[in-house]
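So, here's a batch of structures to check.
One chain, subunit A, links the two complexes that follow: it is found with subunit B in the first and with subunit C in the second.
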Partner chain A sequence: MTALAQAQPVIPDFGRGSDCVRENRTFCWDWVRDHWDDTLQPRLLEHVELTAYAVGIGFAIAFVAALVAYRHRSFEGAFGFTSELLYTIPSLALFQLLVPVTGLTITTVEIALVSYTLLILFRNVVAGLRAVPDDVLEAARGMGFTRAQTLLRVELPLAAPSILAGVRIAAVSTISLATIAAFVLPEGLGQPILDGLRTFFKTKFIAAGALAVALAIATDALLVLVQRSLTPWTRASRAG
Partner chain B sequence: MKPSWRRLLGLLVVMSALVLAVVGCGGDDEAAGEGTTSADTADVTSDKPTIVIGTKNFPEQFILGELYAQALEAKGYDVTLKSNIGSTEIIDKALTSGKIDLYPEYTGTALTVVFGAQGSAESAEATYEAAKEKYEARGQTLFAMTPFSDSDAIAVRKSTAEENGLTSVGDLKTLGTFKLGGQPEFRTRAQGLPGLRRNYGLTNVKFVPFAGISPYEALDQEKVDAAAIFSTDPPLGTGKYVVLEDPEAQFGFQNVAPVVDRELADRGGDELRETIDAVSEMLTDEAIIAMNKAVVLDQRPAKEVAREFLEANQLT
Partner chain C sequence: MTDALASHRALPAAALFAPTRALACRSLRFRCVSGAAAEIEFRGATKRYPGRPHAAVTDLSLTIAPGEICVLVGPSGSGKTTALKMVNRLIDVTQGDVLIDGRSVRALDVTELRRRIGYVIQHVGLFPHLSVGENIATVPRLLRWGRPRIAERVVELLELVGLEADDRRRYPAQLSGGQRQRVGLARALAGDPPLMLMDEPFGALDPITRERLQNEFLKLQESVRKTVVFVTHDIDEAIKLAGRVAILREGGVLAQYDTPDALLARPADDFVARFVGADRGLKRLALKRVADVGLEPADGSVLPEVDSAMTLRDALSFLLAGGSRRAHVRADDGSVAGTISVERIADLLAEQS
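Up next, the complex of A and B:
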């Protein structure tokens, strides 16, 4: 196609992929086996990492904010409004907006992911605390509990199911959102998804997508177990 | 029942453990794409400069990066390859800020994207010379360009080409109304439909926009008769399609030339340039399509494909 081709390179036989891979059938197990170690498994670990950072940091911020909001109604309005505003920004747009400021770094990705966890976590912690019945609080006061004691021994344990429900939703939605991080940083399961879409190789994006779904389900199940072991009374009351 | 503060503490500990566990294993944060290699050969001689090669974020670039890196390593250079850096704008910044010393760039893209030039030069050589001049005014230079060009192009099924005697884009005029598929922006871009009308008088086109479907699948399923593609796309290696010639040069020239930091080029002298040029010289359309196909369709690692090509052509 160019007028310049004078060189005559030897083009070796590069071998061929399996028939399934060559024909780009819907799903090729052999590709998944061959590329688990170099493509899927490392991206899966990165994905867990991206999610854990986001939910961990998001929880720390939202938890402190919720404690303040529990005492000061005006703060609840302000923080709630801000986190709602963040939540409504389309994720792709938020990543793009942050790139000029924080670059194509993990910071950009985490700022966006943390932002999306805040609303869910904040609302659930506050709702859990507010749901503690007044007579229970009165009983605590009657027993001579200080404010801090009441919070630690009465309010937070009673709010725990609601708090953990928030963590579950935040974790699952972050796992899904983190795939979009690949537009900024070639990390996480979004990278093979994007790559598979770009090169039209179906197995790659289906495998990576399925892994993201599996990760979300496994995380949710794990958090249910955590919730049960931390708040056994919720099960006892349901059973009885 | 006693609501236990220990359970609450437990909850907090689990949350912090999540964070800490991650911080603990977060030592390998350095963004590294597929195929990052560094010289594992110990025979690095001190008079040869260390070279950091970067590539953009798609398979053809991964292959080019491996080709140049391995050819240099074979000559005893200490090479670090940073694959998958990003788009043109990003990798250019990596070059000008000294994070990389060299990367493969497309001459047409260099002119229009890096230097914001309008329109295109009239030949591959003119495009190359214009880009080289711009780079040299800025502290870099270009080594020799490849014979292959990865430009926009129009492809048809082989059977369509044979039945209707199509060899050039202009021949499409002899068809009745035909369906041409392409990315949505092809409809309005100067190098898209308007260009086809102006340069080749094609008024018998019914445009079909693609969104997320492979142009080759659309050709296979006869959803379109012709498709806007890239001239080095891997499926072209299957022999099922014919790329139509573009005598009016509507699609411009996108030969690859390594952009090299000027200081490195001067220090490396003839030996560095000749090592790299010897690789570029061998990269014809057929060669790069075969390698793209091996990596993208057959899913072979870019590193191995590059090594086999270099060995077959005595470049290692």
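Up next, the complex of A and C:
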């Protein structure tokens, strides 16, 4: 066999489908319609799942770490430095480091995604707790709140706007970042994007990319609503 | 604490309508003296911080009678706030003791102790995420009162401190400084504590609001009769509010503990004399109203008139400003009660010293 016969065709053959698909025009609605059920929707749901796990686990770790850091300043420095270090590692490089250990698995993806949420979530929880006014804490102590009561009834509610702001940033950036999971695993919206890029099929990566953006915007909007319903007092002003 | 809580729960419904003072009295572990007021005794209380050459409070001994307002006053660094915080144990004594109704504050569980002491601070420290009503309900909730009783208490307190019942739904951010301090006062009173600690509560208010709140506070105190420990650096505020004033000097040393009148008439030393001010004679006159002193009988002459509710100081100022030596005193019912003169005022000051 000659090398020529083995080579991939330079111009890909998009096979059956409408004129739009065969000619690989910029965007073909009919492809989106035909492949919503078998490609786009399942990838979208996987994407939501990847993000939810990453932010959920990241929040759990960052929250506990922030509570410890709130009481012990030395821990704040240590955890802050570690999460900053993780944040600076390029994602592809992190995959390279992790694959030999955890393989081409969801664990590899989640470790990377979780690592990137830690810094933002940790910093925002600590900042929120530290911003609770001293006079409020003194009043709470003076009225006979225990430490746990102060945390649950005063400090965390007052830190909620800052914490939720951190969750918003973490969620949106994770949705964007989770597309690179496709380098490890054929899951999430990164998969059709990567596939579309490899085969030069424009509709596929544009549709998947647009879905990722729409998911990010929708998630952010949802979290804004959550924030508003949980912290009605932040909108109270003299005028109100 | 369990028995105190149990007695709350066991109260029959009818008891909810009984005066709250009686209720609180039953619920308190402190012995109830004259209603729901407690006696406080500082017994050689000393606070030293490690690494500092001088103590913040040095061997402070004084007793505050139930239902009395004791004002701790002194320059900054005189340990007055430190002394105050020894009572609710935000600061623990290093030597000596503080007793409430004869029991050491250290004998009680610290959170239980604090829930039974009203605490008001300069910057109020209202919870910004809770409505006014929820803020006021803080201590009753900690004490696990029933919902209807708390709701009733919140409305009662709003009225007591001069706010509207509808204000309970507002957030602290929607209130003025004066309104916030009223809510702070209501919150401190909510659990009907026998004892109130007030740390410069009116210090951050404008002079007009401050004076109004001082007056209302005195009026309020007439009806609730708490034992109050009040900290201020303002000697005029101390004289106005106090049953007794404790003047502290640097290092938390008690310079004099006396009634405002005695303090102004007979300062114990130069420090106290300087602290109460060179105008202490005039300040003394401000403590008495025209109605309180023996007047000279009125004759038929035409004189300017002063109101019997005026302080002697204001009456003197009125006389001097008007260029007149005497004035008729008009009583509440509109009749002329007698006359007051510059000489009479001067005599009063001299004979009381």
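Keep this in mind: the second predicted complex is superposed on the first by the 220 of 240 C-alpha atoms of A that agree within 3 Å, B and C clash if a C-alpha of one lies under 4 Å from a C-alpha of the other, contacts with A are read in each partner's own complex, and residues count from 1 in each chain.
To be clear about the criterion, a contact is a pair of C-beta atoms (placed from the backbone, for glycine too) under 8 Å apart; a residue touches a chain by one contact, two chains touch by 3 or more.
All figures in this text were calculated on a predicted structure; none of them were measured in a lab.
Contacts of A:22 after superposition on the shared chain: subunit B is touched, whereas subunit C is not.
When the shared chain is aligned, subunit C comes close enough to touch A:133, but subunit B does not.
With both structures placed on the common chain, the touch criterion links A:185 to subunit B but leaves subunit C unconnected. By the document's definition of touching, of the two partners only subunit B reaches A:106; subunit C does not.
In the superposed model, A:146 makes contact with subunit C only, not with subunit B.
Annotation for subunit A, partner touching more residues between subunit B and subunit C: B.
By the touch criterion defined above, A:52 lies against subunit B but remains apart from subunit C after alignment on the C-alpha atoms of chain A.
In the superposition on chain A, A:157 contacts both subunit B and subunit C. By the document's definition of touching, neither partner reaches A:217: not subunit B, not subunit C. Residues 154, 157-158, 160, 231, 233, 236 of subunit A lie in contact with subunit B in one complex and with subunit C in the other. Residues 88, 90, 110-117, 119, 121-131, 138-139, 142, 170-171, 173-174, 184, 187, 197 of subunit C are the ones that touch subunit A when the two sit in their complex. Residue ranges of subunit B in contact with subunit A, taken from their complex: 1, 3-5, 7-8, 10-11, 14-16, 18-19, 21-22, 25-26, 29, 31, 33-34, 57-59, 84, 86, 90, 124, 147-149, 153, 212, 214, 216-217, 231, 234, 243, 245, 253, 255, 281-287, 290-291, 293-294, 296-301, 305, 308-309, 311-313. For subunit A in complex with subunit C, the residues that touch the partner chain are 133, 135-146, 149, 154, 157-158, 160, 231, 233, 236-238, 240. Across the complex, subunit A meets subunit B through its residues 1-7, 9-12, 14-17, 21-22, 24, 31, 34-35, 38-39, 48-49, 52-53, 55-57, 59-60, 104, 106, 152-154, 156-158, 160, 163-164, 167, 185-187, 197-201, 226, 230-231, 233, 236.
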